[in-house]
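Take a look at this one; I'll ask things after.
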Amino acid sequence: MPTHAGTPRAENPGEPLIEARGLSRVYRRPRTSLLRPGAAVHALRDVSLTVGRGERYGIVGESGSGKSTLLRLLCALDRPTAGTIAFDGRPVTGRPERDLRFLRENLQIVFQDPMSSLDPRMRVRDLVAEPLVALGLPVGGRVAELLDAVGLPAGAADRYPHQFSGGQRQRIAIARALAPRPKALVADEPVSALDVSVRGQILNLLADLVDELGLTLVFVSHDLSVVRHVCETVAVMHHGEIVESGPVDEVWAAPAHPYTRALLEAVPTLEDLT
Amino acid sequence: MLTVDGLTVDGLGVRAGDTELVREVSFSIGPGERVGLIGESGSGKSLTALSLMGLLPEGVTATGRATLAGRDLIGVPESRLKRLRGRDLSMVFQEPMTALNPLMRVGAQVAEVMTLHGRGRREARARAVELLERVRLPEPEQLARAYPHQLSGGQRQRVMLAIALANEPALLICDEPTTALDVTVQKRMLDLIAEVAPALLFITHDLAVVAAVCERVLVMYGGRVVESGPIREVFTRPRHRYTEGLLAASRLTPRGTRLPTISGSVPAAGHFPGGCVFGNRCPHADALCETVPALTGEGHAHACRHPAG
Amino acid sequence: MRGLAMRGRLNAGLVAGGALVAVVVLAALVSFVWTPYDPTLVDAAAKLHEPGGGHLLGADKFGRDTLSQLMVGARTTLYVGIVAVGIAALLGTPLGVLAGMTPRGWLSELVMRVNDLVFAFPALLLAVMLGAVYGAGTLTAMIAIGVATVPAFARVARAATLQVMVTDYVLAARAAGRRGGAVALRHVLPNISSVLIVQASVSFAIAILAEAALSFLGFGTRPPTPSWGRMLQESQELLFSTPRLALWPGLAVALAVLGFNLLGDGLRDFLDPKLRRIRADG
């Protein structure tokens, strides 16, 4: 079994940090008839998961699997139709935004496409400082510190996102997410929009930061091999449900669910050539 | 060397104003051959394809020579290209949703490309159903009457493939045809493309995808072909340092180990170094690399002064 | 400005529109310190003076200098445009943004329905009614035109806001802890500003036209304040004998309207985000 990347330095490792119980989310399609309401779409059906402190938890699924919906619920950017979420022992669901400070401070998110997740009209300085400003925390020299931590020059602070390459933009997004010193980081396909030659840089950077800061990581991807590189636990999603979960190496070596097997077989690899 | 059949590209260049985007690209594709064109963003791979189709955006021009079955593709008037496009060579794009007309039934869209090139209406309609069947769409009769939004992404891309194959082209160009698709759908699509393509130029950033479809590969970086050859050889014994780095970066090592990376990032168009285009990111670069290395070697060729292996 | 230079290329419409608008603004500014004659000076000796000989564009039936009237009329025109567009933007933008940020809320529904109501009501009729109740005048006309333009702004602002609200960066801002008001100020407004600028210049053109029409009908600017619309009205009876009296103000209105419309179109292209995706470095 491969070694863990460093020793997680989170306090009380193993204790649950994120707990979701029986999450469901039903969307209504816009109505097409005056008499009947729009069709219901079950984006998520009865999903439960527990992410321990310091754990790297992967969520794998294709488009329409419900992984994006689950992510939004975990980050309290959307409300579940049923079920509960607790973060650090405190309930998240059913609270108004003003009572979610503990979550906003401690759970940050990195999106797939750094071009669209960074406001094109804001300078890097303001983008990185935004979580601090929003939470009323002191900014001080934190921006320079964060830019340095993600390997960007201090001069980057005065420029706009479009002046950077994809990989650099994702570094900016990571710096921003780390600004309020969160306990957990949620990464939504953070390398899918990047060139192969920079993908490794960003994955290495994430691994380093997660190690150094003792972060809990929820890593979402459509690619099981990327999740296998990053995470120790994986949940495979299909049609709004978790069809299989467990230690990633076990799932990889002996997938129990037919969908997981299909997924593994479908991913083209370079291994057959060597 | 004049291949009568198939595609021959000789010294292709693409420029926008003073910026050279593609330089000295030469290759050929014989009938039945499947060739991959690999590159990251800014490598010039899509521009290479678009220049062959005569579909370069305004202000971007192509130079050099390219022939398909003896017919010139570059520097010929639009009227002549119009007759070639969709008949002798055709292309499948990345986004199947935007490439299809949302207000037209898919069967009619497949038939249209045939009537455009002089086939009878009734014959075209019958053949459209055959084509939908050939790209393995279920119940092609019914499906021909569907609108694009009623199909899944994978089905739409199959419709695009049916349109591309409608006039039995001599060459099929695919630009990232499966990038927008789910992995489980991708595999079947790739198998299908490999099976039906008369001769294939397959453009992608994904090395594993190329390996699944193609026999030969061209690696582009900074607007140049830096390495080319049979896929197995190039992928198992890469010579150019860029190919080497790209392959290393593509293999995900076990958890807890560091991934090999290529330092820096891909420069913006027009900002690649003179001499070897990879010079500013290459760990082996020295003074020798300040002059442009030629693409040399029979079969497996590379343009590197300090090749690996 | 380096920032602006990167955003897009100058286009012919922008340059032509900008030039026309600049001429109007310049004429209005100069008229504060200098006009060839007092525009309201009645001079029997200059009655229907032909162009030339001291009166560059001639004089009207009261002997008032046409060029002087046009210059001071430009002032009225701009004044009306600025106030009307100001009212429309100040009321319409917040309403539109609010409606766009809560697309399913009752407030949004209310805003849009009231909007429809105002939209369905002809602006000129509103101005005439207000004029009848509060007395005709420049200010009444401006307020009427402004209120009638609110829905146009609200609609454009709402549509642009809807687009911004579904972007990842708004989601990212919410995840960072930003509340509604801050999202509106920091993310929505800056990102819809280019659309609003375009809307403002087009509305400006409409306001100019509306003011001219109202003054022509006698519901706008009161005499003796010079206005292009009133000049047109006064030239009516002499339209066949001295058509130039109608030609000059008519030309002024047409060129000013064309100028603002061209400026609007030009700005639309200039501020197009698709033309802005130019990376400055690697």
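Read from first to last, the chains carry the letters A, B and C; within each, the first residue is number 1.
We take it that a residue touches a chain if its C-beta (ideal position, glycine included) is under 8 Å from a C-beta of that chain, and two chains touch if they have at least 3 such contacts.
Just so you know, these numbers come straight off a predicted model, no measurement behind them.
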item	value
Most widely separated chain from subunit A, with each centre as the mean of CA atoms	C
Interface ranked first by C-beta contact pairs	A-B
For subunit B paired with subunit C, centre-to-centre distance based on mean C-alpha positions, whole Å	50
For subunit A paired with subunit B, centre-to-centre distance based on mean C-alpha positions, whole Å	32
Gap in Å, rounded to a whole number, between the CA centres of subunit C and subunit A	47
Subunit B: positions in contact with at least two other chains	265-266, 268
Residues of subunit A whose C-beta touches two or more other chains	165
Contacts with two or more other chains, residues of subunit C listed in rising order	279, 281-282
Residues of subunit C defined as touching subunit A within the complex	167-169, 171-179, 182, 186-187, 190-191, 273, 276-282
Partner subunit B, residues of subunit A touching it in the complex	2-6, 62-63, 165-168, 195-201, 203-204, 207, 222-223, 225-226, 228-232, 248, 262-263, 265-270, 272-274
Parts of subunit A lying in touch with subunit C, wherever the complex brings them together	75, 77, 97-98, 100-101, 104-105, 108-109, 111-113, 116-122, 130-131, 134-135, 159, 162-165, 173, 176, 180
Complex contacts: residues of subunit B adjacent to subunit A	40-41, 153, 182-184, 186-187, 190, 205-209, 211-212, 231-232, 235-236, 245-247, 249-262, 265-266, 268
